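Letters A, B, C and D name the chains as they come in the text, with residue numbers starting at 1 for each one.
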Amino acid sequence: MLKLGLVGCGAIAHTHTANIVNHLKGAQITQVYDVFSAAAKKIIRDYKLKAEIAPSIDDLVNSPDVDAILVCSRNDAHVEPILAAIKAHKPVFSEKPLATTLTDCQKIVAAEVKEGQRFVQVGFMRRYDPFYQQLKETIDTGKIGQPLMGYCRHFTAEPATNYFETPNMINDAFIHEIDIIHWLFNDDYNSVQVQFARQNSLNKNENLTDPQIATVKMKHGAIVNTYLTQNAQYGYDVKCQVIGEKGIAELPDMPKLEIHQAGKIYHEIDHDWTYRFAEAYQLEMQDFIDHAQNNEAPAGPTAWDGLIAAVIADNAIKSQSSQQAIKIELPEQPQLYQSK
Amino acid sequence: MLKLGLVGCGAIAHTHTANIVNHLKGAQITQVYDVFSAAAKKIIRDYKLKAEIAPSIDDLVNSPDVDAILVCSRNDAHVEPILAAIKAHKPVFSEKPLATTLTDCQKIVAAEVKEGQRFVQVGFMRRYDPFYQQLKETIDTGKIGQPLMGYCRHFTAEPATNYFETPNMINDAFIHEIDIIHWLFNDDYNSVQVQFARQNSLNKNENLTDPQIATVKMKHGAIVNTYLTQNAQYGYDVKCQVIGEKGIAELPDMPKLEIHQAGKIYHEIDHDWTYRFAEAYQLEMQDFIDHAQNNEAPAGPTAWDGLIAAVIADNAIKSQSSQQAIKIELPEQPQLYQSK
Amino acid sequence: MLKLGLVGCGAIAHTHTANIVNHLKGAQITQVYDVFSAAAKKIIRDYKLKAEIAPSIDDLVNSPDVDAILVCSRNDAHVEPILAAIKAHKPVFSEKPLATTLTDCQKIVAAEVKEGQRFVQVGFMRRYDPFYQQLKETIDTGKIGQPLMGYCRHFTAEPATNYFETPNMINDAFIHEIDIIHWLFNDDYNSVQVQFARQNSLNKNENLTDPQIATVKMKHGAIVNTYLTQNAQYGYDVKCQVIGEKGIAELPDMPKLEIHQAGKIYHEIDHDWTYRFAEAYQLEMQDFIDHAQNNEAPAGPTAWDGLIAAVIADNAIKSQSSQQAIKIELPEQPQLYQSK
Amino acid sequence: MLKLGLVGCGAIAHTHTANIVNHLKGAQITQVYDVFSAAAKKIIRDYKLKAEIAPSIDDLVNSPDVDAILVCSRNDAHVEPILAAIKAHKPVFSEKPLATTLTDCQKIVAAEVKEGQRFVQVGFMRRYDPFYQQLKETIDTGKIGQPLMGYCRHFTAEPATNYFETPNMINDAFIHEIDIIHWLFNDDYNSVQVQFARQNSLNKNENLTDPQIATVKMKHGAIVNTYLTQNAQYGYDVKCQVIGEKGIAELPDMPKLEIHQAGKIYHEIDHDWTYRFAEAYQLEMQDFIDHAQNNEAPAGPTAWDGLIAAVIADNAIKSQSSQQAIKIELPEQPQLYQSK
């Protein structure tokens, strides 16, 4: 039974904890920490955890009662427990983003390089979604030839919060496509551009420009457009269509009954992401647990993937000002991540 | 320019006349006849026909100003103009059914046999529908292997008239599947059975049992169920699914925009048959015209097909009383129809 | 942690054990029994169970180390452990069928009635499938009106074994629809009929008549046709379409990538049932475990459902001889099962 | 019977002539002209036209035996017969493009303005396609709210000719979307940009950059990306998806049988455009004929639409060099075209 220390006890911590308690095998949460001790107490109570509240992040990470660490704290607080975990040679699962600055991402990468080992898995759960996996496999087997172009939709019916503003369209929405596209296309980013389309009059937030279109070009020339809105009204709609040299492969709609009624032949589309990615959240964590139990490095998105996402997101947000394409410059990829 | 004599000027005559005037090539209506002369006058006026009203069916059929005959009169009045046309060696298109009794159908067949030539085309327009044609071709090329089973839906949103009663479900609805199934399956009928399913409380007609399921077995063993309702509410829905030894082939829905809206991904389905079979009505008549112009026998459904439909329909109506399967006994097929 | 005693260690026992070990929460297998002790040893070894081999069914059922029983033995050996479990007031999950004779089913029902409590859950896993559940909910909320007709396909690409013969089409295939149809339609069976369609020349088994069509009529008049084949070639295809007074609801295809390639727009269909019902197998067992842990009677299919399935299956097999409809006579439903 | 004079007797002239002879009503070709008299003779022979060969364009246009003119000559030869027809106050249908230079387009517009009447219809047939019409209507009725973004695919399986080079991707492919997008979006163009995606290694033409993505921004902010390839391999695939404030509307696939076979559920996609737009070609010409017969100005795409297409296409080709967005400057729209 893998003993997990949980850092940060907010909404996403509840999602992971519920999965660990109700669905996943082989792990239990033994220590929790939150800057607000009430949050720590609440998560123990809500899920009847047999866990203690650690006095500090450092205590939690280094406790003999903790084998691996889950980082669900505020985005700018990820770096501390991650670095501590690397130092302690313990596997660490961090929610996306890896960190909020390139500097912090580079610190994490440098720490792993120094230890000569990978410990970090970043919570880009889409890579575990069975349909993205089918898409990856379809591309890799050459069934549609080399991928040349892509078209993605990342639509939510309504904004998650009132505080969802223009840069959140990148940091909280497009970030998922950033991680997915270079993985699917087996290529590095050459440039990123964000443009604002005609504004949706149903968008009630003055600080949110909606919709936006993010365009990336890859080193080998492929171009992918991602259409982004938080005000789609009709439902939660995530699509990815990859156009290759001799065919197209596209994510399916989630299965629902086919209904004939009142002049329509239809199936429903969900209002939010819960159903769409519930399985992916479970699979990513189970995979993290399984590798940790086997004393293997995590198999999921690495610190280097986290760094790439941070760089592209930074430049995408920069592009929101000019709406011009920005050339991407990445640090050199360390050997440690090339083997993967 | 083929000169057509039109016998019977009701609703279906208007459909054909509108097509001849507005869409088809190579024919004009030169003479019309109806037992109600007002109906004859009206159709001339409505479509600005340069046509005369014939004093009798016989005059119309034998007029030197008439090359071919369209029979759109009441079902029990088809036989007279058809026999006259055969005698006059003129091509004759008759709306379904060929006749209302087996005796009349046999008279027509005997008349053609006597002349040693086919002149009759029966208005089973579905054979001209591009999708039924694709289905026929798919079966005939062996793509799904020998056809073993079938499932059809023949649903209208609401009854065409208040006088649509239990036997009409056979004579006006199932009659289409009767003609199509033996054509698609390249086989003869062995038995027919009609059963009544749970009654639809939205059916307002006490003399209509709705829905019904008609089951036919073919000589080679294939079984096809046709689900019949005149109260589907949601739309006009005709489907045909053929299950073969190694696959299924099925008619598509008619194409409509795919819409994402208000929690649904949908396309519309039409309320009535107009759009679904408009093209088939044009194609069957154009084909009749073209063959007549080339002095060729009609290529569409024959008098023998009309006789088969009459026999099966009679027995299906008989089965409505007992809900038991009834064995089909057909007269021997004359040589004239075997060559086809 | 619920302690489970497993009776019978064959193929389906492996499926359940793998789920309990790898996916489900709150239960462990503590005792196993098989008439062949090698099978019992093998399952312990394969899944590294911390379980003992019980010397007899009775010892296993009554062991203080067993809270609930799983019956995965041969069909005709279900009745003994089930009756023992009822006597011991322990929850018992039995694979379908409940028993192989009506007499045995009645014994089980009588035993529960005598105890005044339900202990038995029968392994009709389709009721736990999310899509059948959506279908049930759609019908029950009245969205399509009262259900009037149904059309099901139960197709496997090829027979599971060389010993799959004509009656297996009922006992191993149609049995699933038998359980599902009366549940979906909220109605009892009035009659059952099995007919043989044109035989598939690709069927290599002389003792298997394939395909067959099973027709049930319900007390309120609804008719459902189930098309059955073990030689569909193209894939595993289970469909259920329910036609109500104002609409149709139909199970979706399983989601797969939409591919455009080589003149086709397609998605794949699986070759076997593994993917289609994997989740249902997990959900039925988790639900059994959860209710057992809470000292509640099972919520899944009851012994009475098992008895109904046995009666219909018996009559369906009888109908295979005559191909005629057979009227269903059920014993009176005890009060115990009416409350559910 | 409308008497048509045909200028230019190449491939597209054959398409229109075949339609006029075989499918359309109310018109006949009475005069033909081609710089190569052999081509003129051939079209008369091929379709058994009762038509004379005119000695010059001017003779043809001004012949009392010609009521309206069809211009199917080389693109740079459209302007002469169009100007002659306007001068003669005869309706003129011109194949796209209206002319090859902005100057020529302006001459045509100026000629109509001078006469105070519209005579020209440009052959953008997609506006007559039933599905684009549904799309237009869906947008105009507000069902999906204001249109904000669009995504189009214009894919052919293989290049039409060996001479299909980089600029042809605009002039012969994207030109259709140019006409459609401003019509659908009820808006004017603000900028156009063409980018080259990763090149398709299956493209055998060194002078063709393939694929390309053309991006237009509209005055009200909407952005539409059109993905263009002449080497899609899998089929002819034209799609248009419009994303509005509360929903999406998208062109359907053309209807084909749904087939289950060999592990796939599929429908076919055509190899070329013939089937996709056959009806649109007929409808545009019938509409031109009907308006001409009624002495009404054409209802289809105007000379002004032709001018807009020429301007956008010119700038798109310019953008192929820089791959940068180019701002669109249109002449002021004359009153004559605003009323439409």
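Simple rule for what comes next: contacts are C-beta pairs under 8 Å (C-beta built on N, C-alpha and C of every residue); 3 or more make two chains touch, one makes a residue touch a chain.
Which chain is which protein? Per UniProt: A, B, C, D = Inositol 2-dehydrogenase.
Only a predicted model underlies this, so the values are computations on that prediction, with no experimental measurement involved.
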Fill in the blank from the handout: Of A-B and A-D, the pair joined by more C-beta contact pairs is A-D
Problem - Taking each chain's C-alpha mean as its centre, the one farthest from subunit D - result: C
Practice task
Between subunit A and subunit C, tell me the centre distance in angstrom, where each centre is the average of that chain's C-alpha atoms.
Solution key: 39
Handout entry: Distance from the mean Cα position of subunit B to that of subunit A, given in whole angstrom
Key = 59
Problem - Centre-of-Cα separation between subunit D and subunit A, whole angstrom - result: 44
Completion exercise
subunit B residues touching 2+ other chains are 233-234, 246-248, 253, 260-262, 267
Exercise for the section: Can you check the complex and tell me which residues of subunit D touch subunit A? Expected result: 145-149, 151, 195-202, 211, 213, 217-218, 220-223, 225, 227, 229, 231-234, 243, 245-248
Completion exercise
Listed in rising order, the residues of subunit C that touch subunit A in the complex are 21-23, 25, 131, 134-135, 138, 143-144, 246-262, 267
Exercise for the section: Quick one: which bits of subunit B touch subunit A in the complex? Just the residue numbers, please. Expected result: 233-235, 237, 253, 260-269, 271
